[in-house]
Amino acid sequence: MLYFENDYCEGAHPAILQKLTETNFEKVSGYGTDPYCASAREKIRAACACPEADVQFISGGTQSNAIVIASMLQRWQGVVAAATGHVAGHEAGAIEYTGHKVITLPQHNGKLDAAELRALVATFYADDNHDHMVFPGMVYISHPTEYGTLYTKAELEALHAVCQEYKMPLFLDGARLGYGLAAEGTDVTLADLARLTDVFYIGGTKVGALCGEAVVFPHGAPAHFMTMVKQQGALLAKGRLLGIQFDVLFTDGLYFSISKNAIITANRLKAGFAEKGYRFFMDSPTNQIFLVLENAQLAALEGKAKFGFWEKFDDTHTVVRIATSWATRMDEVEALIDLM
Amino acid sequence: MLYFENDYCEGAHPAILQKLTETNFEKVSGYGTDPYCASAREKIRAACACPEADVQFISGGTQSNAIVIASMLQRWQGVVAAATGHVAGHEAGAIEYTGHKVITLPQHNGKLDAAELRALVATFYADDNHDHMVFPGMVYISHPTEYGTLYTKAELEALHAVCQEYKMPLFLDGARLGYGLAAEGTDVTLADLARLTDVFYIGGTKVGALCGEAVVFPHGAPAHFMTMVKQQGALLAKGRLLGIQFDVLFTDGLYFSISKNAIITANRLKAGFAEKGYRFFMDSPTNQIFLVLENAQLAALEGKAKFGFWEKFDDTHTVVRIATSWATRMDEVEALIDLM
Amino acid sequence: MLYFENDYCEGAHPAILQKLTETNFEKVSGYGTDPYCASAREKIRAACACPEADVQFISGGTQSNAIVIASMLQRWQGVVAAATGHVAGHEAGAIEYTGHKVITLPQHNGKLDAAELRALVATFYADDNHDHMVFPGMVYISHPTEYGTLYTKAELEALHAVCQEYKMPLFLDGARLGYGLAAEGTDVTLADLARLTDVFYIGGTKVGALCGEAVVFPHGAPAHFMTMVKQQGALLAKGRLLGIQFDVLFTDGLYFSISKNAIITANRLKAGFAEKGYRFFMDSPTNQIFLVLENAQLAALEGKAKFGFWEKFDDTHTVVRIATSWATRMDEVEALIDLM
Amino acid sequence: MLYFENDYCEGAHPAILQKLTETNFEKVSGYGTDPYCASAREKIRAACACPEADVQFISGGTQSNAIVIASMLQRWQGVVAAATGHVAGHEAGAIEYTGHKVITLPQHNGKLDAAELRALVATFYADDNHDHMVFPGMVYISHPTEYGTLYTKAELEALHAVCQEYKMPLFLDGARLGYGLAAEGTDVTLADLARLTDVFYIGGTKVGALCGEAVVFPHGAPAHFMTMVKQQGALLAKGRLLGIQFDVLFTDGLYFSISKNAIITANRLKAGFAEKGYRFFMDSPTNQIFLVLENAQLAALEGKAKFGFWEKFDDTHTVVRIATSWATRMDEVEALIDLM
């Protein structure tokens, strides 16, 4: 079986397991106050060229989204997101569970458009009755998006400008950030994110870690953030588990080099599929490929290759997602191209 | 000044004030257990031809929406509403504050379409990952809608059928229900609502009362509803205030006869505006009229007539709402037609 | 039947009903922006000798408590209250429903002790792990308390001092405030409350109004308070209902003069009961009297007098509450003394 | 430095790291649907002698508490706990954040008393106004308790009987369950817990795992539990991380054998301290020892041994917690006895 269903089907980069093993019997303090967390924080600050940043480690993506949003919004505010944003549709209402509305805008290849964002906010404040409405209080984007697409630096700058103008924090979900930074043709760097957002996270779960996201607040975390993390049940007693993983990932650029593997393998797949005349649902420069397959062909692949079901395309076609990762081997890639 | 901004600018029907005064020194029990609440419940059950219905009185519309929805949804469920539904946009996030998502569908003259509702739910359950999503657990409609439009009985039956099929309660917000029932051409009666919905409310605040909505559960209220009302801060100690008002409104058909006044006056206005060539933004059979006015004309009316600002139409035009009510006098109507 | 069960069994002071009737057809703007609300605010500010105060009207006590607390606490904070405080035990978890803990301290005749409060907060901050705990962020007291007792000015000053020291707002629930201010021997005035608390409310529901509490913020309301009121479902469209009532109550000192009636009638009852040798459960200077009755006697009174059941005293005795109000007549009082 | 501050200062049992490494590149499905989770579930069911149990893995203790409680309580219910229960005091209000009250009873060596529980519930339902109060809907106990003490089987049976009588689920927090089961003199087994509770968890974080608790529902989990886990942000994409750990811990009785080490080392410490005349704050049969130390002695130990600060005892004494774990070595123990 060729397994391309998602980018979290393997464990962790071996260097992580090795470090967990080496440090296993060291006695360290809990709740993220250990030296590995401290070291990882320092390395991440350096990688972001943002020495003043606060860095906090949280176990997973939905948890990071819910905690960041709930800790930064005021009660009368909601978070603006693309209609296809992960927080809008695929987190079982985790944001609403914290009492906040997700205000949606149309997506364009999975992305928010700065002009539409400005129009939304301007219209909101122009409404006589806006005291009866949810205030747009924060903007959520993902990079790569749910469709594997990327913002350009200019697009991020435009969003940043609107957010600054209306004093809304800009939050970037980087669950697959490594793959975004490693993509060909992108002009966006970690330092750009530290400059252009108010909070973003560097995804570990899908980029080489067993679990964990590094949440970066370039201008500092909200007051009592740790207590809010605890209140949402997300403060790990053995914080070392997250600290060690990110310490390894940010040693000698490991995060970036392993991310590159996902891009190289994805690019080879895309070239192979294109050669064979497959139809792409959307053009994506990162590690997720969306193909429109005939249902008959999809049925024939059952038991031979495993893809992610994305959505029904029409009565006879289905959109599937094919994902590579830091761990995908080129022989698997070639086998899949041969198979299809 | 001719005041047509909304339908809650006057106090209450005089018969209500008179009854409040007559009964003022009677000593009755609190929290909705008094004889006036009991009598009002009985009269409402009779008016709905639904002797088994539970009837509960709540002070206002947003409160009723938040309480009904939060008490009937399970934690993993959200409420489906038109994008223009009051709960979706004009209640400051009251539904999300209780932890639930409002799942929106496009509106058609303010209304939900049963086929689109069925498609939404069918697509939801077809999604492999629907355990990661908010379950559509209830359907919210308003009648009249925010645009003053009305469902036909056939449309309600179609929505009812989808809701039954997918075991989703159907909730009808009747903040202006009297005006909907009194409209010309409607084929929907109170008894139809009791038959076709799982919960609806009969609006008092906008139809002759000082405050109050009568929430009707044709098949019974959720267990411990009173405790949930208390928990949301909405249990009035002097429940008589609501009971007496609805007892008066449902004596000798007062609710229906005073609603008729809003329709008659609105119809006269519509005829007058049509005669003068005004442009209607939307055709509405109830007590709200939406006109597209030139900004210059709107400015000229300042200080002479007061309308509700609805939305910007284009750079030189504005949509205004002109509302009549149970209390609107025909001389005001004629004066407005003359003025414009 | 002699009805002394509570202080909300009658309607409103007749002057309120008269004013509601007189102003009934005036067309005014909604949501608390009408001239009667403005006038009532002005009169209340004057009565509090606090010209800068924000005054907001809310329908009832539990709602006021939930809204004030939820709008003033940060997410990591809870509210400190006596174990017998209304918010701690008799509001169906309305505070917790907004996400906040009620942190309890022992009661002393229903009151918080300033030294115990200081000890609680000092111990909290001395705990190494207090980041894992709910921060004491606000203090809730009631005056009169649930037992009808009153703070002295010195006691309020002591609580105020602790609150100032630890930057915790002091919130005083005045559901029965009129009866507290009118009690014999009290040295606390409205102006004292405006000086010593950060927010308090002047109860209307139990002191002459049909419904409504006037929430006074001596130093200003929290930002976007109106939106939070809306979000909790408590913004009445016809705000006039509350404005007119408080405008009447604060015209010519009506609030104070009608409160006096409850004290005079309660004092006559206490004298009568004492003369007959009844046992008082607690000494209370306001409108609530707590007697320890033999169960047999209580049974004998059934159908003749109605009291509030308070709690079981022992196997053969019960504590009952006997309440007077602005509306209690002296002939009822004498009849009850005769009966018992 | 001799580190006895807590039982989560080391990493994981080496067999866990080895298994994580061995299985690292196996491609498995996400969100707890992998074969390791399945295998771990089966082994836990066997260990509990409860083949019908649902077993779910969650990252940590506070998260488990918040998720279990919020998913099993109805909105009008709260959870009953000892005043010293972890959910009552040390989780930053995580339960209240989900909208539920923690109803406290006095603790007796950290434990709830069944008779007091019955009295609480009986009194609740005897109150005429209990519809205005939070219903006791669930009972939370911990075993070992926060003081390291244990329930006897008879005590659990008594609590179980009250819970059955009043239809309240009994929930046992087993963050340190291994140490409770391995204690000398206990008559409680895993099978007893499956028989006497409605949900309990087997703590991993403090008993050999990097993170993770196995939540066991002997009679099945609440409907849509997975969606609620996702909604609270706790569904790990790489569920294997938890499954593999518990699979290892429940292979060949590892969980029990490593727990024994904590007991043996704690017992040696207790004997040593007793011999030297130390004063025990409380007698505890598990891995936590509470000593009353003179502040001067505590200061002298600074830099040599690290204990947990528990609470101030009096002006010159402090209560400290000394914890052993699965990883504590006897040479450390002897060194500590020598030092003190």
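Letters A, B, C and D name the chains as they come in the text, with residue numbers starting at 1 for each one.
The rule is short, and it goes like this: a contact is a pair of C-beta atoms (placed from the backbone, for glycine too) under 8 Å apart; a residue touches a chain by one contact, two chains touch by 3 or more.
Computed from a prediction, not measured in an experiment: that's the story for all the values here.
When the C-beta contacts at A-C and at A-B are tallied, the pair with the greater total is A-B. Between chain A and chain B, the centres computed from C-alpha atoms are 42 Å apart. With centres taken as mean Cα positions, chain C sits 50 Å from chain A. Each of residues 75-76, 91-93, 97, 99, 131-132, 227-228, 230-231, 235 in chain A touches at least two other chains. Chain contacts in this assembly form a complete graph, since each chain touches every other chain. Remark: chain B residues 70-71, 74-76, 99, 131-132, 135, 224, 226-228, 230-231, 235 touch chain D in the complex. Taken in their complex, chain D has these residues touching chain A: 3, 5-6, 8-12, 14, 17, 20-21, 23-30, 59-67, 91-94, 97, 205-206, 210-211, 227-228, 230-238, 240-241, 327. The part of chain D that touches chain C in the complex is made up of residues 75-76, 78, 89-93, 96-102, 123, 126-129, 131-134, 309, 311-312.
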